[in-house]
Amino acid sequence: MAGNSFGTLFRVTTFGESHGAAIGAVIDGVPPRLPLDEAPIQAALDRRRPGQSRFTTQRREPDRVRILSGVFEGRTTGSPIALEIENTDQRSKDYDEIRDKFRPGHADYTYWVKYGIRDHRGGGRSSARETACRVAAGAVATLVLGPAITIRGALIQLGPHRIERARWDWAEIGRNPFFCPDPVAAADWADWLDGVRKAGSSAGAVIELVADGVPAGLGAPVYDKLDGDLARALMTINAVKGVEIGEGFAAAALSGEDNADEMRIGADGRPVFLANHAGGILGGISTGQPIVARFAVKPTSSILTPRRTIDIHGRETEIVTKGRHDPCVGIRAVPVGEAMMACVLADHLLRQRALAGSVPDGP
Amino acid sequence: MAGNSFGTLFRVTTFGESHGAAIGAVIDGVPPRLPLDEAPIQAALDRRRPGQSRFTTQRREPDRVRILSGVFEGRTTGSPIALEIENTDQRSKDYDEIRDKFRPGHADYTYWVKYGIRDHRGGGRSSARETACRVAAGAVATLVLGPAITIRGALIQLGPHRIERARWDWAEIGRNPFFCPDPVAAADWADWLDGVRKAGSSAGAVIELVADGVPAGLGAPVYDKLDGDLARALMTINAVKGVEIGEGFAAAALSGEDNADEMRIGADGRPVFLANHAGGILGGISTGQPIVARFAVKPTSSILTPRRTIDIHGRETEIVTKGRHDPCVGIRAVPVGEAMMACVLADHLLRQRALAGSVPDGP
Amino acid sequence: MAGNSFGTLFRVTTFGESHGAAIGAVIDGVPPRLPLDEAPIQAALDRRRPGQSRFTTQRREPDRVRILSGVFEGRTTGSPIALEIENTDQRSKDYDEIRDKFRPGHADYTYWVKYGIRDHRGGGRSSARETACRVAAGAVATLVLGPAITIRGALIQLGPHRIERARWDWAEIGRNPFFCPDPVAAADWADWLDGVRKAGSSAGAVIELVADGVPAGLGAPVYDKLDGDLARALMTINAVKGVEIGEGFAAAALSGEDNADEMRIGADGRPVFLANHAGGILGGISTGQPIVARFAVKPTSSILTPRRTIDIHGRETEIVTKGRHDPCVGIRAVPVGEAMMACVLADHLLRQRALAGSVPDGP
Amino acid sequence: MAGNSFGTLFRVTTFGESHGAAIGAVIDGVPPRLPLDEAPIQAALDRRRPGQSRFTTQRREPDRVRILSGVFEGRTTGSPIALEIENTDQRSKDYDEIRDKFRPGHADYTYWVKYGIRDHRGGGRSSARETACRVAAGAVATLVLGPAITIRGALIQLGPHRIERARWDWAEIGRNPFFCPDPVAAADWADWLDGVRKAGSSAGAVIELVADGVPAGLGAPVYDKLDGDLARALMTINAVKGVEIGEGFAAAALSGEDNADEMRIGADGRPVFLANHAGGILGGISTGQPIVARFAVKPTSSILTPRRTIDIHGRETEIVTKGRHDPCVGIRAVPVGEAMMACVLADHLLRQRALAGSVPDGP
């Protein structure tokens, strides 16, 4: 309970169910006098919006964001910024058939056990629709971070198929429906995911996030480490099952020598690292290198293939989830992951300012 | 700043540096009238204690815990429980040679940038010595969880070498110096790690944690999901670079059908899952199945092999970290991981009680 | 910053400016399956609504509340409850004349210094309009508290004129426009306040709150004492300058003997107190007696009498605040105070349940 | 539970019982590189220390503070500062006679109801001994505030006897055992309190706190208002029953004109207020004027006069509290109040820095 907020100084609270009146976010702690209107938030939402290709749900949500407070004459005032998105395309009837059944892999059963009441329409609060609010908040966080910090995400694995890192090209991200930086992989994936979709199955994915321009010194030991906060932020995205920083799980197999990011003095007289196995974070604090995080998304649980389950009356049954679902929710998780990283960094940027009066830029 | 606490209702605050006067923890929110003295805390600390085999640091720390408050006549009072461990074996001189150098892979550089001051003796606050406080807090959390919930950890990968899961035997954990559940792997690892140690190198590891007996219904959507809190708790342990739940990163490669944990009604009339790909958590809430988490620990950064680095004066130099270090910090991370999981579960157990007046046990 | 939330488990976040698009509240932590629709919230808002007598502002706000989330088929779901109230009667032009001037006694100057930007229309976020959200949240808190706990407030002093406590009759509260429990005082006050209003002046007030039926055992030592949380909650209401519990400031003048609330065993075998100087709280924990709190509201700062001030350009000037203002904001502070007390008690009720699994009812 | 911490960025956690092994505090969020050793903390503790005159308890507590962490080579490191004070003069036997009885006016009964267990020795956690930790934390907060901000407290009422404000002289504070700024009153009080003490009775008091040099702009609307946080901080001090800011309760009787703090431009071109009825806070944010708060302390509950009470077995009985008690706990509450104000201001100073990168100093 009381789990619908995150952040310490840049603090986001969200609300809303998949098929309720509206969803929204209240963003507290935004410094005053920053230029803001609906446009950048809407642009961020549009990147996540469903129905943009055959690989995402055909549910049509215009997802029109409205700023209710906290902005006056085009600038933030320091007051909480409330954002609202009305729910419009609510085909609740799609869910009537499954209203008493627990969909395997969904939160249906656990919400039922915990709350003893169930909003069966599209998952209610546990719906991925909630991630629209994260994306909206992320757009505001981006404003707080300023133009020197950029956060980009890419799909690096779809189902069992990984990209070839040597072909990485950020410019490709916008040219395919997968946020994929490898044009060859993107083409292969399109065929493969078509097959998955037609088979009534679904696929998982791995997303990589990179934040450039983050100054050294962000993060708060010991339990508010930057990587700890990132891990939590990403793990709370629907369907995420793993998070790693820098080398991640692969670090376990490296030797101490190979994993060390050695240091030298650069041509400009400032410290440089000769590698970035650490993913830009040491001891929970940013090093000034790019921050690299990855997270794994499980395959969409709503599939057309029948699965065995039970219902709320304790009877055994089968379930087929028709509705309109993404064959791979991992695709639309890319802008969501970017947004969560932006929120975490914005929070730590403000925290660092509290500590030092400014953000450090090296020794 | 203000990052030395965690938990909402079961709340732990720790303090202390590697070579200061003492380290300790204040544990707030412990329900009253639970039987407690130093013994179970000391037993937990002893499992983590260094110097117990040639595979852990030879630094000798008796790590005698003392309860300063919160316990009266052998029972908790509801007041904060303060625990203190004096630092005794402080060979600070070991660190004189490196007092101005940044050890690659350590927090030396980031603390310096962030704070502009450095306690070079053994890493100060960033030292793994801090994890003793986590273990002490975990022992109190275990008391709150009660005997029906058990949490066990195992090393499942040392460097590049994984266990054979078919040989998993929890009883083996206590029979080798690695917390390894596979006796064959344990024997191999001993030889291999000896080689690593003698070569002045170090190794990483992967740890698996399993919590049995956790009732369904623990966890708080949306941002305080049980897996989100676990991810944060484990990622904040020193040297951890990745966390996963259930299938984790492997889930990305599964099909929707294969990843679904189907449900049936068991012989006792209660719901049963036919698999546990989810690792016991759906929608951020426990399912009643075992909770399974894994985390990856990078190789110890303090190695005898010289590495290139710089110093606080901006000069290029080399570094060899002599001191007395674990060739694999992942080994002693096993009880630390167990403790963090216990703290997270204790917190959510109390939170669930607040919501419902009791812990649920099914629909 | 990030100061627009309060409560630990029953947690309220509000947003909105006096003359923005809407104001609202997100209430997190409400237990599931409680019956709820707009009606009781609307009823609470109607008690606070302006324009109901000549002693409150003539600004007409229908203050229609809309539940956006957290309620399904007439019952709470455990998800955050978002409430929205559109702003309709926004005569912003009233404020054009004073847009650059700091109104003495208002937050105009301090917001300007702190944020460097000013929403001059009706005070923006600092407007008493924000208290509508407190009242809405209080209605939900009342639901959490259940019917056994009742919270009532009364105006016991208007300007310099106090009620006669011997004439106290709760039934009178609804019969006069002052929430005054003393019919004689109420009649006198009407004449007196008419004079104040016509003179272009304003008056302060003192409000007393009484919570009956609160079980013993609520409150959390040491810094989350029930009276500490009440003091904060009441002091944050606009224009409040003092808070006291039980005897309050008068306790300073009593002897130890006179101030002691002696105890006996009642006819039903349960403890009884022979007095309630403590106001129902000892050591920060409820005693089971009525909880009694009082708070003082300063006279409305917006008055027709010209006052000397400066403007944002650093020039000396005079100000007359026309607009439509309450001659005594203390009157409408009565339901606001009740709401804040309800929120604090609901939070501590849930906290106690977390500690003990239930709310205690005696030794 | 979990109620033993306060503050957002400057965060204090305390522990310890009156007759346990030790009491202490962990102070998190202190910026690095501030000069600190035990001396200023000890000096603050000495001001509060009992046994310094016949008007405070004769319990002798050397109250030797020891810094356990967070300071290296005489400067803060940014790590949590743990302070410990051993309990030495523990005459627990004094309390044997009352171990089963509830002392009227104490937390004995409420702790018993809430926790079902009682540390009868000197009140356990509810003892005023806990306030030593507040004073220690306040000394660290003072360091964070810097020399430009000064906080001073004075006893302005003892029992029913008030000072004459026209005789206020801060220099008198250190010349009498009452922290009284009025030398005439101090002399009268000595005689009067002697009588109270000899009669086995006790007296209450009112304390006034003044913070000079606080910049405008500190405080966070809406629920984290500076006065709201002060009210909570002061109300949580043992035996406090009322808090007010500026005019406080007297504001209710003023007219809007009289209460307005008009503004002009001063000789230095900066804004000046012509009065300070607001007590230095408007809209929850500091104005730059002195911050003025007052709090009322009830008469000591431990008195020699027999009072009727009950015991834990539900039997009616009488009680006489022998022990060694202050005839007026309000006296030693002066440094405690100063400390709490310092902690609140330090927290808001850091919060303001997070918002703006610096502390503002006017428009």
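For clarity, chains are labelled A, B, C and D in written order, and residue numbers in each chain start from 1.
Basically, a residue touches a chain if its C-beta (ideal position, glycine included) is under 8 Å from a C-beta of that chain, and two chains touch if they have at least 3 such contacts.
Values in this document were obtained by computation on a predicted structure and should not be read as measured data.
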Inter-copy rotation, subunit C to subunit D, in degrees (Cα atoms; steps of 5)
180
Given that subunit A and subunit B are copies and touch, would you call their interface same or different according to whether over half of its residue numbers are shared?
same
Pair sharing more residue contacts (C-beta pairs) when A-D is set against B-D
B-D
What's the distance between the Cα centroids of subunit A and subunit B, rounded to whole Å?
26
I'd like to verify one number: the distance from the centre of subunit A to the centre of subunit D, where each centre is the average of its C-alpha atoms, in whole angstrom.
45
Using the average of all C-alpha atoms in each chain as its centre, how far is it in Å between subunit B and subunit D?
39
Per-residue multi-chain contacts in subunit B, two or more chains:
1-5, 8-9, 14, 29, 31-32, 78-79, 111, 114, 116, 125, 221, 350-351, 354-356
So in the complex, the part of subunit A that touches subunit C is made up of which residues?
1-5, 7-11, 13-17, 20-24, 26, 28-33, 66-70, 72, 75-82, 84, 111, 114-117, 119, 124-125, 350
With touch defined as at the start, can you tell me which subunit C residues reach subunit B in the complex?
8-9, 29, 31-32, 78-79, 221, 350-351, 353-358
Could you please specify the touching residues of subunit B with respect to subunit A in the complex?
1-6, 8, 14, 102, 104-107, 109-114, 116, 125-126, 130, 157, 159-160, 196, 201-206, 216-217, 219-225, 227-236, 238, 241-257, 259-265, 269, 271, 274, 277-279, 281-288, 296-301, 303, 305, 307-310, 312, 314-316, 330, 351-352, 354-356, 360, 362-363
